[in-house]
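Before anything else, here is the set of structures, which you'll find just below.
In what follows, chain A forms one complex with chain B and a second complex with chain C.
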Partner chain A sequence: MRFWVLMKRDVLVSWRKKSNIYQPLVFQLLIVTMFPLGLGAGAQTLQKIAPAVVWILALISTLITLEDIFKDDYEDGSLGLYALSGMPLSLAVLAKAAAHWLTTGVPVILFAPVIAVLLHLPSQSYLILMLSLLIATPIFSLLGTVGSALVMTLKNGGMLLSVLIMPLLAPVLIFGAGAVLETTLGNSATAHLTLLSGCLALSVTLAPLAAAAAIKVNLE
Partner chain B sequence: MNKIVKFYHEMGSPPSFYRITAYWLKPLLITSIILMIYGLVDGLFFAPPDYQQGDSYRIMFVHVPAAWMSMFIYGIIGVAGIITFVWRMKVAEAVMMASAPIGALFTALTLLTGMLWGKPMWGTYWDWDARMTSELILLFLYIGVIGIYSAYDDDPRKAARLAALVAIIGLVNLPIIRYSVTWWTSIHQGASISLMGGNTGIKDWSMLRPLLVMALATKFYYMYSMLARARNYLLRTEEQKSWVIKAVNKQSE
Partner chain C sequence: MKPTILQVSEVQCQKGGYALFAPVNLTLQPGQLAVIAGNNGSGKTTLMEAIATLGSFSSGKLSFQPDNSTDAWLAESHYLGHALGNKSSLTCLENIHFATQINGEKCNEASMIDALESVGLGGYEYHYASDLSAGQKKRLALSRLLLLNKTYWLLDEPFVNLDATGCDWLFAVICQHISNGGAAILTAHDNKRIHQKADVIISLERP
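Let's look at the complex of A and B:
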């Protein structure tokens, strides 16, 4: 019950501050514009790097939103209240991660085809692209809560957060971008997607515990 | 009380850790230097040249022990991290934070010697091969541990607990990263030494000997360097305590 209340509150807070939702998308659009300008090449090169670019853009645009997951709650003291409320802190973390996914992950998934069109991704890859992002964006949010909890009391934690989180996301990128790449070559992406789902299962179970532990240390 | 139990408890308390390890530093350093000189001379001058790689394989005597140490030390950091996080032992904190820079340097040394080896063998300094990539990611994990510790410089105990958490998360993820990265095609030669005695790899004892001696030398060097750093770490974090004041006064006499 409290899980839903907390999640709804967070979604509402993000929704009322619309810039939270559209800024990552504008950011993606801007960066994707830079690629053809920088490459100065035709459709061939773009098509080749499209799976990687779509994926890395999704990753980076999520990464820039992670720092704030716990920051406001820490500063106004509500995080301390969650810890005292008797609700397992890891469950509160899960609610925060779910809200973060709904407000940044889902828009990224829905926006991915637009980016893919701009990069001439072959049409047979769209479904797998969205499916792989559907599995992977929750992992971004979940691992993001861990990073965010580790740096929430720091003034400029953004850079450190990237250093902490990026290496952990390497497997997700390998499997996710790999799945899309396989489909562009006409192969099945099942193996990659299965492994990606395995990563998701691990993050759902372990990331909230790690984030809750970091919050407890930070609140001491 | 049993002697081993007593020793264990003594090593857990900063003052007696500081007192006991004072006698270990010199022997460890001297052993490591002797082993290193022997290993390098044996490896560089007396080991036979490789039938394929000629003399350039000799960088292996630095590269492989450094690579072993880079992973071994991360394991130590992970275990010390668990102890730090669960039991909040100060000495474990010191061991963890003292090991991190040494491990990072061994990782950097592995990458550097690997690049120098790669140029004549593969014709390129860098290739996004599985083992190189996971070694690079290992370097990032080390940087993460050091980075979070130095970010919380106003509260070293909190910093150490958060660094421990980062180390544990890294330890859990390391196998996942390693396997995910391995599922690319790899040009790196397979492991040259296997405990179970595979069919490939080094069979010549005169080649193996310097390698094992160097591996031992780096272990001793690590123990020396880690203990020296851990002692300094304890002095720094406990500077208000009376045992530190006593120890410093005794040294300056």
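Let's look at the complex of A and C:
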């Protein structure tokens, strides 16, 4: 019940701010248009790097939104409202992650085909691209809550957050971009997607606990 | 259910490795008002946060009788700090609706509008919290107290930013809460009325 209440509020706050939602997408679009210009190459070169570029863009554009997950609530005091409401803090973290995923992850998934077209990704890879992002974007949000909880009291925590979270996201990138790469070569992506799902299971279970612990440490 | 009694024994808080104040003792039960007094930087907010279980203390003991359960304490107390807890991109009504729901309180819209009216925010229901003045933001946060039905009110400088009528109103509300069997701990460095009304005054002094 309280899970829904908190999630609904966060989605509403993001919706009102709008920039939270389209900032990652504009960022992706700007960068991806630079690639053909910088490489000066034809469709074939772009095709080769497409799986990696689409994935890295999805990752980085999400990364820039992570810091605010808890920072805003810490600064305006509404963190205290749910931290002292008696609801388990890890459940609150899960609600925050779900709201972040809905407002950042889902748009990134839906926007991925646009980026893929601009990079001439072969058409047989689109489904797997979106599927891999569907599994991976919740991982970004979940690990993001841990990073955000760790740096919420810092003035400029964004850089530190990236440094903390990037290594954890490296396997996700390897499996995700790998899955798309396999399909461009005509192979099955099942192995990669299974490993990706494993990462998701791990972060759903552990990230809320870690983030809740980080919040407690920061409040002391 | 027996009412929870707050017991603070020999509590001391630290900032940056230094003790902020000499050990503090306090026993508070429903029907009592405690005021924490002290100069700027004496640790009023830090102590308040520790009592609200939002912060921590370096030594001493905080217990909630009879069964010393933090959950019971959380269910019976509400903390209102310097950071008011209003989301600026939500309307007044949405803000208090969230606050009541997250505390498991069921409120209909009429009672929330009533609460806003009694804090002097009638007609502001659909204004964004970001459009309010500092005093109005404080009033919006105070309206939560009217709806949440908690025994213990933990108020950090509740009179700051309020105008004269606002101060009178809040004083009356606190007095009524106490006479209805509620309890409150508040910090106020310059408010004679509330100091006279207090059952317990804690003066924070340098250790």
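Going forward, the second predicted complex is superposed on the first by the 220 of 220 C-alpha atoms of A that agree within 3 Å, B and C clash if a C-alpha of one lies under 4 Å from a C-alpha of the other, contacts with A are read in each partner's own complex, and residues count from 1 in each chain.
Keep this in mind: contacts are C-beta pairs under 8 Å (C-beta built on N, C-alpha and C of every residue); 3 or more make two chains touch, one makes a residue touch a chain.
From a predicted model like this one, the values you see are computed outputs, not experimental measurements.
When the shared chain is aligned, chain C comes close enough to touch A:R2, but chain B does not. Applying the stated contact rule after C-alpha superposition, one finds that A:C199 touches chain B and leaves chain C untouched. In the superposed model, A:E220 makes contact with both chain B and chain C. In the superposition on chain A, A:V13 makes contact with chain C only, not with chain B.
With both structures placed on the common chain, the touch criterion links A:P167 to chain B but leaves chain C unconnected.
Once the two complexes are overlaid on the shared chain, A:L154 sits against chain B while remaining clear of chain C.
Common to the chain B and chain C contact sets on chain A are residues 220. Those residues of chain A that touch chain B in the shared complex are 146, 150-151, 153-154, 157, 160, 163-164, 166-168, 170-171, 174-175, 195, 199, 202, 206, 210, 213-214, 217-218, 220. For chain A in complex with chain C, the residues that touch the partner chain are 1-2, 5-6, 9, 12-13, 16-17, 74-78, 80-87, 219-220.
Residues of chain C that touch chain A in their complex: 52-56, 71, 74-75, 77-79, 81-90, 94, 98-99, 101-104.
Interface residues of chain B, counted against chain A in their complex, comprise 85, 137, 140-141, 143-144, 147-148, 151-152, 158, 161-162, 165-166, 168-170, 172-173, 176-177, 179-181, 183-184.
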